[in-house]
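Please read the structure below before turning to the comments.
As written, the chains take the letters A, B, C, D and E, and residue 1 is the first residue of each chain.
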């Protein structure tokens, strides 16, 4: 998968997404919520990068900033050769077909006042000059592709179950033959028995269409299943990026380790190793701690962690970790 | 009607006899309702009738008008005439002798200085005196002695009784108002709301536009009067509520200007708690005909000016037809009932100067149609509207917003439709219509309509200034910011000439004859003005109130000192 | 495990119907189970499987109308709660049965202090004075691991983080030493690291206090970690019930089997493809005449579509005590549980 | 909270200045002239002089600046003088009514008691009626009580006050004669007798206004209680074994009242406005009547000042509502 | 995907069917809808049957006097007024005007309100400005504002469109321009929430331009609150018109509306109470019905309620 000769499809460098805080009598700019603070990674063509972390760690914001649904504060995002944050509005519009998104809440991501055909057809409407019949044919084709019955084309989203709605959302994302899809917690709102349907569909499509995914999720087992490499985020920053198997067998960053150990496994045999229970809560991204942002909860914290912010550095083949323990200064 | 007034007066006079023995303040409280609330008691700062009349409880003129329009002395001891030497033979001055022993309510003496001060007060150019017209032509006012005042005019005045007479020109106390001359007049809040007077009552409390409380004046010249110890003058509401408060609920003793529709007049009287009292003066509701062209097609500044005579109304026959089509009796019955009577005259009273025209009182639709045919207005296309030279007989009829006027508009429109005239109605907010704002197209002076309706009268009994309004040089137009009083743009050299003779005529008889002729020129002869209804004053009084005499020439409270409770 | 002890809570043939204008929904159909002292019963099922409604029905927390608990009995220490008067029920709630709900954000009243909300049941049910209640509240907060408890009593819910709020909810539920604690998806809204904290806390509290717990969740992993017994619900019915290890080791119901297979594993060999359960959970508009899982079941045969299977024990223990299943199909005895 | 309040007050200044300009110029453009009720017998020259004496002939922007100074500087000085017996104002020019030549603030001072008594009583009464109805309607949603309550409240604001008011007068004051038709502003309560009179004369207007207010507030209360009844914490309270009384009157009510209280605060200035019609009908010489009266005679200083005071009240009560929200709802912190 | 569902091809079910289903269960709203239908029939179809000119006055004086203030009779079921005009036909005519004014004024208000609300909610840059404007309008005393508008534009309107249509449009605009603020606030709030909904984000990720996002995604979804606001707007417009007429600022007298009839009736209230009662009842009943329908709509359109 990691072919050294090919260039990455997506390359994110030093991405920052700050939301300003205004306060005081004159509403001065007094600080920032650092939702994404200096994040860099790349995704190779046809690869799936899993992005995991707890709620509020900024993983969804990363996804949205990459597609420039939010205007990033700074940093570079190159997708298929284009510098996304620098694109002019019209150029960005032209670029949109190559990069698409599948959203978390299949209920909220579909306009309740539009029929399925309208929803799937909207990207075609915006970016192609197909005739009515051609468009309908393409819509049917897409519905077949995601396993939706063509007969439902004129129905409204509320008539569908969660899994079916997510299929509609996927069909919409596929309409323009994208190369890269950001899957923003696509299964989080689905029932357990439905999750597998959607994940299988995503995998099928990737195989068939050669798609590249950024798969954002908090479900570590599902990420293990689908992703080739995994990035673990904590408080707006990446703690560790590793190939999947390496991470799951031997997490390097203490947070990645704790996160993995916290996942309850459906195995009552008691074989599970001792859990690492983190103390306390995640600090506010408006006021992150000095030094390493995990230092307030880290079971292996050292004095240096409270002073110096660790940089994400490559410690092994394809493994990057931001921790003083792993890569001392 | 006249008979009734006389009877009332007689009854009141009859009632006066026992009252003479009455004791001041014995009858408790008198409750008066002025639904248009009183804003100030200083008649010189507001000529609103309500303010003037409320002021007359406190302030008095040298002489007042009685119910027949005759002058009766108040602060003067007699009415000066040429005969008794009070008026100079050349008519350039008048000398008033003051009543001795009159005291202000604060106990100080009333003297000629107060009279002179009053003149100075009202003629100060910065004071904005509302009664300036009363003192027009006065050259000087001098004290011959403390109880004698001589008023000198700058030209002979055949009617020298304008200054210091009637409720609109009362005497102010010099001591109190000395610092209120000119621009200071408006800021003298205390003085304006609690003036010291010579009248039967004095103010104890004044709530602007709401309620005034007064007590009997301890220094009033007649020790037996007034009969009431306390007076409340309440404001607010509307005519209907005011009438109801006297006639139905009995909450008040007297309510001013209870002009309500005739059916309700009858119903309220059935309440048995009070009676409506009326008296007729000179207020005439009329339709004015525009002698100039108001067409919007004309450039601004030329609409309704003498540059363009009216295309339809220049023909006298047409104007006569308009008049003949109106049934004035119906108008009275619908709109006024006992508060009005049909009239053909601009000057309906007093008797010596009122013409006796009655011809217009009978409606003659057929006659009107015939006149229009004669004038060349024929309905050629069968749409019910007459045409002449391809022009439709279509007119705009405007008036102010007012329930009765709108009824009148509807009725008159019906009649005029009947004789083949298309009428468009327009009603304008009274604030705009009578506002005199030169920038507004909707004032009655601008007269951007073919006919318009309103009511007007004159102050006092002498019609000279009133008739002066129809002189050629009083026509409103852009040059005088539309401030002229000749609303019709009527201009007749013969009228101007006849009016000049009025300036030298003396005596009721002689002056009356000229006024009648002038009146006829405007109404009967040319139908420039179509008088409709002689509107009387119409108020309500409780049956328990006695001594009341309705007066249409002066304040309705003119004899409030004589009011008392029925025993 | 105090297996043979008399159950503290016994539910028999519970039926709940929602009568709405759009039609009736048979949310709970003939659910029976027993809870023994000190036991932790895990209830698993997808949304709409009737697991929450069952628990709410027990103590009359469902708004009526539209809910109608129309059959069965709920025995708490011998008295049938379904026949109890509203007043009697009120004396049970909060005192003998404590409740913890899913969303700690909305389950606490935002305008009252945490202390106030903890003290309410103490004053109401235990008749404590305000001062006594305050002391007890401090104890409770300390018990659930909230530092600086006395000061935090005066704080409002919004001043706590999600995990802390859930601790407060647990403190409220435990305030009057209930015999039964019902926790309705108490960790679903929390992050995994916080969930781990709460699970740890519950384990601790069980050891200290020894009350019986019903733990509702859709996460088999959570159940595996803490429960003694598991009850799998599907379509308003109990599909399978038994000791946790037995059920995980030898799932009898096709649904349970599929459910276990559909979840990817965190350790061990990575599955090439997930086994999906096709189709949708049923909408229970009528009392089921067939097996509700039949349309999605890989093993379904004609009988499944004609007859709703009764629960049957798969060993010698009586139904409810041992391992039982409601299925016409007999799982092969051979051990072939996926990816074990 | 303090910062928030200060900030809002600061923001209010430009808003109010803008509003004052809009009001001033708008009213000035309005039709009518202060000379309209002067009899036609008064000749034009005299009218012109009267206008000049009032300063009404000045250009509008000059009058605006003068008025601003009078409103924001001179009048407060007079207010201080009146309170502390000082003499800061030193005879500076006040805003004077064209019609009555009385300082407008004096006029307002005379009118305020009537308006406050009637409107205040009516509002308080309205709230007292509305809360129980709204709460119980929501608690017993779709019961006959709810249907009746909803009908009552819908009626309350569907039927215009000028209709109900006149109807009540006709029936109770004119036909039955139970109540006076004219409000006596001089009446002060000194004994039981005058108290009885006061009650009698306030009865009808207060009824009309109170019903109107009650209608609106009960609707809001019902909606708010309904919303809160569905909240999770209500279930929690019940799960704790709290009796329904506590659930409803403590948990639900406290939360429901937050928006209701702010609605009540927001509604106060509009009640002053709505009272204009009521004052007109019942002949109460309050602020509303003063405004209508001034409009009828184009007494611009009075109109401008009163309408601006209304605007100030609205802005002020908006602020108060926000602050109340912050006080009542511990979740909200204004920073 | 079960086979049973694929077999039958359902006709797309419009959401409005659901709304109607829910609405039907609101008894008050249904009764109100029927009553309002009756009122509308009375007002719009009534004049076709009852063909007396509402402004007809007998020109013959004697007849006219006899025709005045008649009680109910077969010729005039509601009697005649002080000029002998038929009250029934006047109420019909007045109703037509009142309802037309209210409806059009509401449309104006809703149009302005929705536009301002959508702009403010969607474009952060103009939000502050537009909301300040809204606040300012809310703080303005509306009576004088209405007065001024009537004054400033009456002549222009009348000269262009004729006195009746001119006044009509002016009143409608005046009411509309002074009553859009609540709609704007509601819409803004709704748009702010919608903007964060994922389907709007989805549209942006597709590259749909703002205008089309507003038209396709935002507007249809603010329809529910707008519809409710519109219904309640009709009610308040009827009241505003009648207050205007009641204060004598409305239509010319030969152009009766319910408010105007009520205003005229108050003068005659003591003698002929029915003159106040009929237009008063007409106004009250209509507003009551509209308010009830608004309530019903609100319930029917509220997804939370509908879900129950």
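A few notes on this one:
Note that in this section a contact is a pair of C-beta atoms (placed from the backbone, for glycine too) under 8 Å apart; a residue touches a chain by one contact, two chains touch by 3 or more.
None of these values were measured; they are calculated from a predicted model.
Path length between subunit A and subunit C in the touching-chain graph (shortest route): 1. By C-beta contact pairs, the most connected chain pair is B-D. Taking each chain's centre as the mean of its C-alpha atoms, subunit C lies 55 Å from subunit D.
With each centre defined as the average position of its C-alpha atoms, the distance from subunit B to subunit C rounds to 92 Å.
As a whole-number value, the distance joining the C-alpha centres of subunit D and subunit E reads 26 Å.
Here the spacing of subunit B and subunit D, counted between their Cα centres, is 39 Å. Looking at subunit D, one finds that residues 31, 174, 295 touch two or more other chains. Among the residues of subunit C, those in touch with two or more other chains are 278, 280. In subunit E, the positions touching at least two other chains are 1, 151, 266, 269-270. By the touch criterion given at the top, residues 23-27 of subunit A touch subunit D in their complex. Per the touch definition, subunit D reaches subunit A in the complex via residues 3, 6-7, 10, 335.
By the touch rule above, subunit B contacts subunit E in their complex via residues 240, 244, 248, 260-261, 263-264, 267-268, 296, 327, 329-330, 333-334, 363, 365, 401, 403, 406-407, 409-411, 413-415, 417-418, 424-427, 429, 432, 441-442.
Looking at the complex, you find that subunit E touches subunit D at residues 27-28, 132, 135-136, 138-145, 147-148, 150-152, 235, 239, 242-243, 246-247, 262, 266, 269-270, 273, 276-277, 280, 283-284, 287-288, 291-292, 295, 304.
Taken in their complex, subunit C has these residues touching subunit D: 59, 61, 90-95, 98-99, 101, 103, 106-112, 120-121, 124-125, 156, 158, 169, 172-173, 175.
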